[in-house]
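My questions will all concern the structure given below.
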């Protein structure tokens, strides 16, 4: 980032640094090796005394200290020749933060590149049978997915779906899971309050609770369900993974399975968002995650 | 003349001593700080980096108020492990509208510079109110009051005008409309808007280059 | 002049010492509470003002500006009168400063709890307080340099160089760093943005540490250590060279807080090499201090004040060695953003700043009221509590920080990160627990000291002391 607006500032940095560094060396050197008694040269051996008994001792400072600061300064000079420091001068090594990262990615690719390509080309079952890789996959899950889906992947907060059961909102095939991870998902259940009215909400919620049982056929909520809900959730309530419409005739509920929870869904709508991870994860990571999640 | 006789002069004259200290202690700042104020890369916005809108700015000021930067950095270093963990490393041009900077010095919690878009709004909402309800091991404080308080709409125009005088390119219409943009929002909503846009401009720009 | 005051103004010194001790107790207690919050995160009870992000600046500002600056004003006023052989210049201004500063710290602390926060570290106070600090700091400068200007002895003693540098440099970095456009009474926007703001802030932040927590307290050392040991300062030459090398190089070191951040490499490199050079002047003072005591080792067995001061020098040496090491780019890759930094800061703050202040106060308080310390035994207990607390604190944070730093960087055999952030964070729990205990131990010692001082000074008047005569060879013609 040696993009100083002009040479003036670059010279300013380098010249002041060099001059002040030389001045520091001069001060240290001249004080260290000045006459033994220069402090009292004019007053002979009389020394000031402050506050009755406060004096300045005349011991010669230790030589090792001189070498300490001397070597630190020599190191500094060498470092500033090798590395960027003196304004726009890039240093003999031409080192920069960017080049360092590029270099370390080269080493990284030499070390892991083939392995990662191999992972992304592997079959899922082969990955699943490799316990070491599945541990790595679980860690990728912990870093990226657990905050929402829970550390055990069983969903949480009555908001984030369980990934460890057979019931998948957006489909449980490897392709569907990969798509969920890469591109994310946006559920779009609108509010039905206006269409159903308060009574309708009560009846449809009550109907949803009975889907799959015998009383369902004669339930008063059935008509409105078939009018408004059937397009996504299906007549039998089995849902539609292509639309992200969950199955309503089993015991697994994303947002809670009480009548109250269902009423809330009907009133407020449900718009669960799964963010896209295409930019955050590479092919090997996504492959491992899919292998970890698919049954 | 040597260093010692020079020092003796300063030591016996308080005005000279004050001047000497002023002179010697100002060198470092003149070399490091002053030129960097003129350095182009530090004041040129990255592609797609734009000033915060009224809601994001309000959210950012809540982030500042609650001291989030005490535990969360916003600075991904160009080191493989950090890029792998958090995303593309931070560029100076992404921060030109950050007053003050919020890079932090400690990661008691994770870096947040590329947090934008990683989680859903719903997750942030739950997590901010009670972090342990979604991350049981978390030691982050909960911020339940953010969900109760309405955002302040009275000083947003003054804030944006102050930033405009500092060179943030706000349109007059944006400033005029800013109170209505905040209408009806709770503090937590504004904070989430800020979190969700954080670090996204750079990633978007990269995608545009690729396609 | 007939109206000239004959005695030193020590009442204001005593009052500042009292305030300093109070702030030490308050701000350390806040620190212990913060440590507890990292172990039991729900003990903020959902209260905004008890939340970690708001309490933490209160802890740092309370220690630096409450405890530290009050102690520096007290010891600075005490020693500048005695090394200039003259009572304070502008004593009324000194009293104004004394109470004004306490009011500032108190109201500033409340404002931090209310969420007035610029978020710039150690400069969190909002603009009205920044202006108040500037005004009060000018008062500090007038009293201090005024006293030097009317001194009766020609050479200016070493401690005053350091106190002088403290006043001058902190004024500059404070003003430049806090330049901002006010929006409301509680909110302002920094004049600098992004990376430039970062460079300015750490130029400030590091030199608040440098000239306040290091330079100022070195001034304390240069007066009180030779006084207490009854020996001349070991090498005048070394103190001269150390002072100028210190003043020159410290100011450059700030960018080592921004290694590998989005600032230009040249700034980082200059910050790094100057941090290494800085090791030399830092250690010069440590050597000077320890050699000064070297003829008076027998006093170390019996004298709690001297024990504290000598131990503080050991921690000073440790922290000023650790600092340059952490400033090296490749070390910083591991240490940055970790608890190692917290450990480093506390080896300075507890081991150096607090200990030398305690030692100085154990010297000062009995003398101010002309009596013996109420209990030497309690003071010795305090010494061991302070030592144990500090050691436990820095060892636990060092272990936490190094493991954190290495675990964050660790990759497995597929090039994947070996550990999730959450797992590493969760593994910190035992260290955070130990740190909480360490803080409690240290705080307990401070409470013992406060009690000891209370019993020592209770219902006693400040002793009146006259400046001694000055050797005519060094006198100032008046």
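Letters A, B and C name the chains as they come in the text, with residue numbers starting at 1 for each one.
Basically, contacts are C-beta pairs under 8 Å (C-beta built on N, C-alpha and C of every residue); 3 or more make two chains touch, one makes a residue touch a chain.
Owing to the predicted nature of the structure, the values given are computational and were not obtained by experimental measurement.
Among the inter-chain contacts, the highest number of C-beta pairs connects B-C.
Among the chains present, the centre nearest to the common Cα mean is that of B. For this pair, chain A with chain B, the centres built from the Cα atoms lie 17 Å apart. Each chain gets a centre from the mean of its Cα atoms; for chain B and chain C, those two points are 27 Å apart. Averaging C-alpha coordinates per chain places the centre of chain A 36 Å away from that of chain C. Contact with two or more other chains is made by residues 154-155, 237, 240-241, 244, 248-249, 260, 263-264, 270, 274, 411, 416-417, 421-422 of chain C.
Along chain B, residues 3-4, 7, 27, 31, 39, 41-42, 78-80, 85, 89, 92, 135 each make contact with two or more other chains.
Listed for chain A are residues 1, 13, 17, 20, 27-28, 31, 34, 39, 87, 97, 108, 143, 146, each touching two or more other chains. If you check the complex, the residues on chain C that touch chain A are 82-83, 85, 153-155, 157-158, 223, 226-227, 230-241, 244-245, 248-249, 260, 263-266, 269-270, 272-274, 276-277, 279-281, 283-284, 287, 291-292, 411-423, 468, 471, 473-474.
Residues of chain A that touch chain B in their complex: 1, 3-5, 9, 12-13, 16-17, 20, 26-31, 34, 38-39, 87, 97-98, 100-101, 104-105, 108, 143, 146-148, 150-151, 156-157, 159-160, 272-276, 279-280.
Only residues 3-4, 7, 11-12, 14, 17-18, 21-22, 24-29, 31-33, 36-37, 39, 41-43, 61, 64-71, 73, 75, 77-82, 84-85, 89-92, 94-111, 131-132, 135, 137-145, 155, 158-159, 162-163, 165-166 of chain B touch chain C when the two sit together in their complex. Residues of chain B that touch chain A in their complex: 2-8, 27, 30-31, 35, 38-42, 78-80, 83, 85, 87, 89, 92, 117-123, 126-127, 133-136, 203, 207. Per the touch definition, chain A reaches chain C in the complex via residues 1-2, 13, 17, 20, 24, 27-28, 31-32, 34, 39, 43, 46, 48-62, 65, 68-69, 72-73, 75-76, 79-80, 83-88, 95-97, 108, 111-112, 115-116, 119, 132-133, 136, 139-140, 142-143, 146, 284-285.
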